[in-house]
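Next, two complexes with chain A in common: one pairs it with chain B, the other with chain C.
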Partner chain A sequence: MDTILIDGRSIPFEPGENILQAALKADIQIPHFCYHAALGSLGACRLCAVEIKPKDSDKAAHVVMACLEPAQTGLEVSLSAKAAQQVRRHVIELLMVNHPHDCPICDEGGECHLQEMTVACGPSYRRYRGNKRTFPNQDLGPLIHHEMNRCITCYRCTRFYQDYALGNDFGAMRLRNEVYFGRFQDGPLENPFAGNLVEICPTGVFTDAVFRQHFARTWDLKTAPSICPHCSVGCNTLPGARDGTLRRVRNRKHQELNRWFICDRGQYGHQYSEHNTRPLSPRVSGTNTDYRSALAAAAREIQAAAERTGGIGSVREDLEGNVMLRSLLNDLKGIFTAFNDPELETATLTAVSRMQELDNTPHLAALEQTDAALITGDLTFHAPMIDLALRQAWRNGAKLAMLHSSAAQLTQFASTAATIAPRKMHDMLTQLYRQISRQSGANDAVTQTIKTIAATLSQARQPLMAGVVETSTAQDIIALAELAKALESTAQLIYVLPGPNAYGAALLSAAGETVTLLRAAERGEVQTLIVAGSDPLSEPRSGARWRAARQNINTLIVLDCIATATAEAADILIPVAAWPERSGTFVNYEGRAQGFSTVFHRPEYLPSTADIISEISHLLGNPLRDAASMLQDSFPGFQAPAPGTPGAHISAQHLPIQYSELIQTKSHSSNNGWQAALASWLGDDPLAGFSPALTKLAPPNAALINPESAVRASLKNGARVRLWNSVSSVETSIQINPSVANGTVAIQRSILARLGIGHGDSVNLEQLV
Partner chain B sequence: MTDIDTLQKDLANLPPDHPDRRAAAVPAMLSLQSETGYLDDAAIEKIAEVTGLSSTEIEELATFYSLIYRRPTGRHIVQICDSVCCSMRGADQLLTAAEHYLGVSLGNLASENAPTVLPSICLGLCDKAPAALVDGEAAGPLSRTLLEALLKRLQTEE
Partner chain C sequence: MLKKPIPSYQSTQGTGILRSLWTVLRHAFTKRDTIPYPDVKRSLPARWRGRIVLTRDPDGEERCVACYLCSAVCPVDCIHLQSRQMDEGRRYPETFTIDFSRCIFCGFCEEACPTLAIQLTPDFEMCEKHHASLVYDKQQLLIDGQGKHPGYNFYRRAGVAIPGKAIGEAECDTPPVDRDSNLP
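Right after this comes the complex of A and B.
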């Protein structure tokens, strides 16, 4: 391999790398500000000055910027040369002329790149005695605190925000020594990745506004590797806690997943664990008690119910908790399911089985290399980091085709986009399939959209199919997989699953158990129901049925770390540790099992779900073995991956493949023709919904329809309407939005839950006078 | 406020070699400014709408170019160069003198008839340092006396 010499040390480099990249790879720290591995070189800060001696001996040694100078075989580089040191010293002195020197009161202090570089390269004293330049700050919303006086103009923030995350409401204003990074006017940053400004800024211009409310110095924080619990991507995180409270969550680099970044839901959703409604004391029949009494009461009720016990695990419960609950129910001969909605169970199991079958689900870093993608549904708020990876693919020239029922941010980068009503998605995918596989039925009558998408995908080197399970039927999921198969072996397939451990939950589930349990509960055959980390009573589609079935359940035992409607309704509520307070394993959308460790303990005693189930089994006189052995029974050879490692693909038997004919969907009653679609947003996740910083950014809870539908139904923007069905009725106002499909009304999860309907179900809409 | 239609018509009349609507941002700003004297927030939003850029992107351009004004200007505008040559020849003292003479800080208007005085990046008039642009015309070398006379003339002339 080619090498350069840095202060006498021989350093290998890849073709195309610059001196700084080669040095950093060899762990030689050349001081720098504006260079960032994700953003590349700019040459704005002038700090990475090094002296080079060209191979050509008649040229004199001179100072260059390491981030702009290509590495060349035999090049002699000196970091320690006097001339280079002097340049770096002057650069720091200049950058510090206007810097406020407010480190003692700055949130960045202790993890500030400028502080480190100044100590490493700069003069210890100021010579400049004049006035410093000052700026007014902006209110950038509940997530980011702005302190412009600290800026050193490295442009990392705009390069991340505009070039990498493709946001357009934040930029660089003015010129000369008055360059200002901010928005046109005060207001929350709109990009769902804005929180990364905190990390990307080498000093304290952008700091974490949530962390600031309950601040601790970085060296006082207790940290340990964890996994984000807010979606199925499984980004690696580093939560920081102090004095028994969780203070912040930062991204932790995973080479194949989130790398340097994290979405705002991941960074700010953690407030659920500090929410004032969080259950911290066990409760039996509405009275606070201790764990011993609560567990004894639970064991009594389970013993009394015996095989008339049911168990609901969760897509946001770890493998350990789910497997222990399943084992307990096995021993009792009761019914276990990891899902609370039959259709979601079918869709998730179908998606996992198809990903297992195709065995070509890319990680995020690979996703950036894709050259064409078909995306059904909204990725931005179901798996934000997959969206961010596709934004990089788009920057690299990938063509994105989008089929969506309600607003989806990624459409602004789509080369082809079409709004499709939820129940027409399958038909659309089938037509696409016929067009691509040139089957009979492919004809000239198909729309231009289908032709364009088919051509884009067929011509691609490595096309990607990406679907969102929560807003797809099992048929849509199968159709998307068939499309991938029709596109030959290079096609990649991703389904965004409905929770951080939905893949693991699917592996532990037997098809059809959710509907079996629900029907048994409705018939009064479930005497005691154990719910671990799930909220069946608020489930959009089947919540109404669960609420009715609740009347027939004698004892509802709930294990959770948030105050869900189901937890509120529990006869026996047993609080459990939140994710940073326990260790466990999640399986992400790729089937990658990743371990997370206990970061800290709260002052209250809070065991994990697996611990509680184990306790209960002891009280029942039939103790379960530990979760690790249980997992080995289910997944032969399973070793829980150590937290902080890249994780390992879980080796599991493939789920049985179900074919579309076998999957029953309920018939939709005809009405005045409206279909409901889920309108998701940044805080739309059971945990993040308890984060005040995110809920402040919630969009208005309106009914979104497109202009065409509005004209047909003679509805104006802002008109008051009633959405109703046989279950309930909700009043809201109309918002006209062209990104919603025809005949579709896009509403948030809370309204869907009140009506007891899911994405694609029928709903009546009438104007209020 | 100019009618949005006029602006869009301006956009339609732009030379065909403009690569896209993004390129129309600066001409659109200048066109609107020629009628209103400066661009207020509403104008920035209007231009964003016409060019399809975000208001932040328009603001980035508007605040970068020194011939686009984001605040009300006087009938006359004096831009005093404060780059290296002019600075060495006393531009800073000229700027202070202007502030003193007008009784307001740079960029602010003392009265309806008062001229606007602004510092400027290099005007390329180093041979006339310290130099200025007076309503777009080169002037220099200036002294405190000459500047005050100039400001007085601009203030009083009809």
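Right after this comes the complex of A and C.
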């Protein structure tokens, strides 16, 4: 291998690497600001000065920027050369000329790159006695605090925001030594990855506005490796806690998933565990009590109900909690399911079985290499980091085709995008399938869109099919998988699942149990229902049915860490530890089992779900074994992945593929009416919905329709309307949005839940006079 | 002070007793070196490292900005605080406790303090009957004066805006750049 000499040490390098990259890989810390592994070299800061002496050259030794100088065999690099040291010293001294005297009140202090570099190579005192240049600050919304005086003009922020995250409402302004980084006008940053500015900024220009409210220095924070509980990607995080409260969540590098970045939901959604409505004390029939009596009461009710007990696990409950609840229900001969909604169960199980069958689900780093993708639904707010990976694929020249029912941010990068009403998605995918596989159904009558998408996918080296389970029916999911199979190349398949452990929950579920449990509850055959980390009463599609069935359930036992509607309605509420307060295992969308560990303990006693169920089983006189051996029964050879390791693919039996008997074709009788579509947003997640900073960014709760539908129904922007069905009605206002499908009304989850409908269900809309 | 070596017992026999008695008698009339504490209290130098206080700036506002440097440098870990931010931009410690039963009065906190807020005073009389009474909270620590360093106001030099001092109005600042203009 080729090597360069850095201060006498022989350092190997790959062709195309520069001196800085080679040095950093060998753990030689050349001081630098503007270079970032994800953003590359720029040469703006001039700090990484080194002296080089080219081999076989009569050129004298001279100072160059390590980030811009390609590594060449035999190149002699000196970090300690006097000339290089002097350049670095002067650069720091010049940067500090205008840097404000802010360190004691700057949140970056203690993890500030500028502080470290100044200590490492700069002078200790500021010689210049003149006045400092100042900048006005901007209000960048509830997530990020702006303090522009501290800027050292490394351009990392714009390079991340504009070039990497592809945002367009933030950039560099002005000129000379007065370059300003901000927005044209005050206002929240629109990009869902804006929170990374906090990490990417080498000094304190952008700081975490949430952390700021309850600040602690980095050296005081208790940290441990954790996994983000907000979506099915399973990004690695590093929560920081102090004095029994969670203060912040930061990205933790995982080579194959989130590498240097994390989405704003992951970074700012964590405040659910500090929300003032969070249940911290067990409650029996509305009165606070202690764990001993609450568990005794729960055990009594379960004993009385015996096989008339039902259990709902959760897609956001860890593997341990789900497997313990399932075992408890098995022993009682009750019904267990991990899902609230029969259709969501079918869709998730179908998606997992198809991903198992194709066995070609890429991780995020591989996703960036894809060259064509077909995306159905909105990835941005269902799996933000998959969206970010696809933005990198787009930068690398990938062609994105999008089929969506409601607004989706990725459409701005799509080469082909079509708005498709939820119930027409299957037709569209079938036509696409016929076009690609040249089946008998294929003819010239198909639209240009289908032809273009089919051509793009067929010509691609490695096409990708990406779907969102929550806004797809099982038929859409099967169609997308068939499409991937029809593309004979190495087509990849991704389904965004409805929760951080949806994959694991699907592996532990038997098909059709949700509808069995729901029907049993409706018939009054479920006397006691145990709900662990789930919220059936506010589920969009089946919430209304659960609310009706609640009347027939004698005792509702809820184990949760947030105050959901179900927790409020519980007869016995047993609070459990939130994710950073316990250890467990999540299985992400690719089937990768990842462990997370206890970061801290709150002053209150809060056990995990698995602990509580184990305790209940002891009280029932039939103790369960521990979760680890239960998991080994379900998944032969399962070893709980150690937190902080990359995780391993869970080896499980493939789920059965055929669910046709469960997939009911919806009646298309009311085709002329409106179809509801889910309009998602950044805080649209059961946990993140309790984070005050994110809820401040909630879009207005309006009904979105496209201009064509608005003309047909003679509705104007802002018109007051009533959405109604047989269950209830909701008043809202119309917002005209061209990225909503024809005949579709895109509404938020809360309205869907109040109407008791899901994505693709019919809804009536009438104008209020 | 004795200049000569003390003579041996043998050689002082006879005169020794008398000499000792005379020395004692003579010292009964000299000015004494000890002071009868606590009836009389010594005045200690200003840099004496005794009870720790939190001072105020010349405007009467708290000097402490809750930067956590004192608690970081403390070798016995006796300082605990939690920072808060006023809506207008000032930082202050919401809680500030010093456990004087642990404190070794090394003065590192005073040296680390970038705002001259935490200062050691010449007071050392802090006896308590109960251990818990030695844990001082902010109310007990915060004094109304500026302590040993009058005149210093951190926020007059810092770049952040606080009520009464906008961006660019600090002692060594130029007026802020107009970001909507490209004119020099």
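The definition used in the following text is that the second predicted complex is superposed on the first by the 757 of 769 C-alpha atoms of A that agree within 3 Å, B and C clash if a C-alpha of one lies under 4 Å from a C-alpha of the other, contacts with A are read in each partner's own complex, and residues count from 1 in each chain.
Operating definition for what follows: a residue touches a chain if its C-beta (ideal position, glycine included) is under 8 Å from a C-beta of that chain, and two chains touch if they have at least 3 such contacts.
Not measured: the values here are computed from a predicted model.
Asker: For chain A, which side has the bigger count of touched residues, chain B or chain C?
Answerer: C
Asker: Quick one: is A:1 in contact with chain B, with chain C, with both, or with neither? Answer first, second, both or neither.
Answerer: In the superposition, A:1 touches no partner, neither chain B nor chain C.
Asker: Determine, under the contact definition given at the top, whether A:183 touches first (chain B), second (chain C), both, or neither.
Answerer: A:183 contacts chain B only, not chain C.
Asker: If you stack the two complexes on chain A, which partner ends up touching A:215: first (chain B), second (chain C), both, or neither?
Answerer: The second partner, chain C, only.
Asker: When the two structures are overlaid on chain A, which partner does A:60 contact: first (chain B), second (chain C), both, or neither?
Answerer: neither
Asker: Check whether A:175 is in contact with chain B, with chain C, with both or with neither, and answer first, second, both or neither.
Answerer: both
Asker: For A:769, is the partner it touches chain B (first), chain C (second), both, or none of the two (neither)?
Answerer: A:769: touches no partner chain.
Asker: Touch test for A:150: chain B only (first), chain C only (second), both, or neither?
Answerer: Touch partner of A:150: chain C, not chain B.
Asker: In the superposed view, which residues of chain A touch chain B and also chain C?
Answerer: Overlap of chain B and chain C footprints on chain A: residues 173-176, 180.
Asker: How about chain B: which of its residues touch chain A in the complex?
Answerer: For chain B paired with chain A, touching residues are 41, 44, 53-60, 63-64, 66, 121.
Asker: Which part of chain A faces chain C closely enough to touch in the complex?
Answerer: Residues in contact with chain C: 100-105, 109-110, 130-137, 147, 149-150, 173-176, 178, 180, 182, 212-217, 219-220, 243.
Asker: Chain B touches which residues of chain A in the complex?
Answerer: 168-176, 180, 183-185
Asker: Note which residues of chain C are touching chain A in the complex, please.
Answerer: That would be residues 65-69, 71-72, 82-83, 85, 91, 114-115, 154, 157-161, 167-168, 170, 172-177, 179, 181-182, 184 of chain C.
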